[in-house]
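Below you'll find the structures, each written out as structure tokens.
Next, two complexes with chain A in common: one pairs it with chain B, the other with chain C.
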Partner chain A sequence: MSTAAGGPAGGGIAPTQMIILGAVGGLAGIYLTMLNQAMDTTIFSFLGGIGAIFAAVWGADAVRRVCSYGLGTGVPSIGMVALGMGIVATMFGLTLPEVSGIPTIAGPIISFIVAAIIGLLIGLMSNKILMMNIPIMEKSMVEIAGAGALVMIGLSTAIAGSFDIVAIMPAVVETGFIALVFIGGAMTILHPFNACLGPDEKQDRTLGVAVSKGALIMALAGFASLAVESMDAMSGALTTIVGLVIWVVYFKRFMKHSHRDSYLVTGTGLLPTEEELE
Partner chain B sequence: MIDIMTIILITLGGILIGVGVHFIPVGGAPAAMAQATGVGTGTVQLAAGAGLTGLISAGFMYNHLAISGTFTGLDYLMVVASGAVGSMIMITVTMFVGQLVYVYGVGVPPVSAKVKKDPITGDVQDLYVSRGTEGHGVPTVSFVSGTIGGLLGGLGGSMIYVQLMQIVGDPSNSGAVALAGIFATGVFYVNSVLASYNIGGTIEGFHDPKFKRVPKAIVSCLIASLLCAIIAVPIMGGVV
Partner chain C sequence: MVDPIVMDMGIVALTGALATIAGAAEDLESDVGSQSNPNSQVQLAAQMNFPHRIFNKAISGEPPAYGLWCASGATVASVLMAKEMSIFFAIAIGSFVAAIILGLFSVTAHMGRTASQKRFKQPAYMDMVIGHVPSIMAHGYIAIFCIVAFSYIMDHFMGHPFPLPLLAFLWGVAAGAIGSSTGDVHYGAEREFQNQPFGCGLNAAFSGNIVRKGEAGLRNGIDNVWACAKLGGPLTGLALGMTVFLDNWRTTVFEGMNTIIAGLIIVMILILANRMVEVKARKAYGPYKDEDGGEVA
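Up next, the complex of A and B:
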């Protein structure tokens, strides 16, 4: 419907590299926040936000690959299903260690795997039962769901300072910030391609939007963590500042890319007044 | 530990959402330009808008009734009815205001291009379809269909929410409320997107030939919701 129908999307960075970048970068960002516990501080929480940005870029790339086939329902639908699966998988993965006695460190990995399984199932059903016949649907759904789960864990970690469910429950869930994480995370994944689609869509421009979008949500996560008791104000402010700096850099780059990809950029001046028209 | 009945009811809620989406007259981008029958936005947005309103009204009713400590079968019915009515109000208001814009703003008569006569009022339809379009506005049959869609969606969403809340059984626990709410939202999105993939763009309501695809959506929503329910139930029991 609203997508640029017709064939797979090409681009500078190959899908395999994107997967490695997103999965490794995302998980690394999330696990590096364990420095908080190691050094008894909360200052490293912003690394969770950085991890979320890596995952968002991966998710946005998967969305642009699958949506270039034309879903018929608009791009936002696939982002919302990603985060719908992501939230269920995230909470399951982070809670399982608490319930079953597995080490807490396994939480994000479990979430990631569960999200991938749900994604695979939804992808299979879309092709086999609903007959969407998009060749890369299963693979893309696995990627999008996995990226969705990582974005949510990353942002939650940035707010709570730890991916332990004992910290996330009071800081992210009970405060209601989970709604921000949910819809904001979905935006980072669905918005870039929705904003840039068309025959002139370029990978670097679309993924630049994903970075700037992720950075904006990261800045908001920093604000949110100011309201969390277990976090000191410096950590929240640092998350916000890092997010805003990344946003400024990538938004400028997006403007540059938009000018590069357009045929002509010209000022039209103000609208003519009624006297001038006569 | 895991209650089979809870899982069955959550799955049923998911199926109701998936079926409900098929009733909602979704016109997508063409309808935004008055070139297709229905409201001019995507399936997911419409279904989620109505569904989330249903969740809020169900949540309000649940909090009101369950805070006393007892939660009877009648209370259960009250909560899901409240959710259904909330969704119906949301979707009918959306359709009605959209209708005002189509009729008085764009200047087109509400008409369906899929049937020759409106199955409810019997009014002639095909004469009024503008050339080059697939109908416009929200004709009576689509309006009624959309209201049924809101009913089913709201019912399904609030069933999921109440079941999750009942696992904890403490409406004053804000963690449980937030978790149940966000889980219900997640399951809602998964099911409404699956349904919208089944529809593939636009649908006018239960009189649309695409409505015959419902069985496929029921199967997929059953599998997806079952998986979500199996995952959700232990978490609600374990975390709060």
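Up next, the complex of A and C:
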């Protein structure tokens, strides 16, 4: 671990608020895509992408909180664990209604709950068996797994236009776009803290990266949906454009925050002198 | 009439050649920005009072990063192919989009890490961002193009059951893992600590004390890639090229159980060869000794 870390991470937005923002925002975005079926269109698919961004921000904040206990090189690993848990829970949760007769609408909630249970088990194993002894491990793993599942469902819904597994299987899994959803989702959760890691890391800057990267993957998901037969081109284009607009806004904000937080931003120059470093 | 096996072997050779170029470009791309293992020393340098002008591209480990670039490139290429675009242009445009995404991730990683080192007085030099990111994108483009291209060949000509984005993702992860394990040694151990005697190991007291001054002026990522292009890059290319070539060769030449047996024999030969190289190197260079002949490390 290369940072001066080892304690809880602070920041403007409290963990509880982040959980509400991510879980409610993520699920709301996913469920609002049901407007597609209600109005017999696919134009509302971009809302799945917005939901995925909310969940990614929550996931990135959870990674930030758990990794500030000294997981330097473990940051990417924890992101991959998130989506590993997320993909199992997502596929299970979305398929269960199809095979058991439960209404399809319950799919995302089942995925979310299953992800939380898997997260809790992994968290308990990390602390009790591997003896990592990180105080917030169990809670964080539940959060990361839940956020991972919501990011996956959100992005898949943005591509397929529905969270029904009957729509997701041909549009996302058989086309191979699941690879983009999996690794893109993982990177939106793990990259922000990895990119901003250091003793002077700030929550607003880190979470801004999560929004901009989530938006970038959302734009790609929109482009991918152009190859899906059940989606019309306008819906895919709208998802891409909305993603790009959010990306521009948050990338500019990130650069502003980087200038604010840096010791010195200069066009070019020599290294600081010995006197300056003292 | 050309014998089908000749045609098949030609395809296998082509995938091997593409993978060799991809591996070399992948490793060199990671060296421009100091990604993966050597990054910890770049990050540590500023914290140990050694500010530097070396790019700090802490996107993530190389395997997930290359998984994303290749999956993105292949996704865009698949969509364009589904819209009847020519295969060559579809892969070229897909790789270009992926290279742009790589550039954007590089900027956030470098600026984010530098800003988080405020207390160590590490300045953010904007000319470094402007100078390094195009080089990162250019190396990345070559790597992504080659990986997506040989994944397409496997998918369409060799009958691989996986769809293109998934196959490219898996090969991207493999390329990243090989680059991380093969090429990083040359950059991390040899280039960053060029001022230490060869084979001395890294004493904890030298942590973060990387070479910061170059042949002319202050050293940067472009200087590092110039040095690594001699050994680290080509070796990574050879490793990925051999992996792809040997794997495709055994599935093309053999059938059924024989494929698995051939695979096991190849792995055994490689393990033996590795052991022989290791023993030879230990005998030749041995433990690092000080001037009196006593073992130091």
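Structural remarks
Definition applied: the second predicted complex is superposed on the first by the 263 of 278 C-alpha atoms of A that agree within 3 Å, B and C clash if a C-alpha of one lies under 4 Å from a C-alpha of the other, contacts with A are read in each partner's own complex, and residues count from 1 in each chain.
Rule of thumb we're sticking to: a residue touches a chain if its C-beta (ideal position, glycine included) is under 8 Å from a C-beta of that chain, and two chains touch if they have at least 3 such contacts.
In this text, all values refer to a predicted model and were calculated from it rather than measured experimentally.
When both complexes are superposed on chain A, chain B and chain C occupy overlapping space and clash. Touched residues of chain A, counted separately for chain B and chain C, are more numerous for C. Of the two partner chains placed by superposition, A:Gly12 touches none, neither chain B nor chain C.
Within the superposed three-chain model, A:Met80 lies in touch with chain B and with chain C [touch as defined at top]. In the superposed pair of complexes, A:Gly101 makes contact with neither chain B nor chain C. In the superposed model, A:Asn194 lies in contact with chain C only, and not with chain B. By the touch criterion stated above, A:Ala179 is placed in contact with chain B and with chain C alike.
Contact with chain B, but none with chain C, is seen for A:Ala89 once the two complexes are overlaid on the shared chain.
Residues 2, 72-73, 76, 80, 174-176, 178-179, 182 of chain A lie at the contact with chain B in one complex and at the contact with chain C in the other.
Note for the complex: chain C touches chain A at residues 40, 43-44, 47, 49, 51-53, 58-61, 64-65, 67-68, 71-72, 74-76, 78-79, 82-83, 97, 101, 104-105, 108-109, 111-127, 162-170, 212, 218. Touching chain B in their complex are the following residues of chain A: 1-2, 71-74, 76-78, 80-81, 83-89, 91-92, 95, 98-99, 114, 118, 121-122, 125-126, 129-132, 165, 169-170, 173-176, 178-179, 182. Within the complex, the chain A residues that touch chain C are 2-4, 72-73, 75-76, 79-80, 174-180, 182-184, 186-187, 190-192, 194-202, 205-206, 209, 212-213, 216, 220, 223-224, 226-227, 251, 254-255, 257-258, 261-272, 276-277. Residues of chain B touching chain A in their complex: 28-29, 42-45, 48, 174-175, 178-179, 182-183, 185-190, 193-194, 196-201, 216-217, 219-220, 223-224, 227-228, 231-232, 234-235, 238-240.
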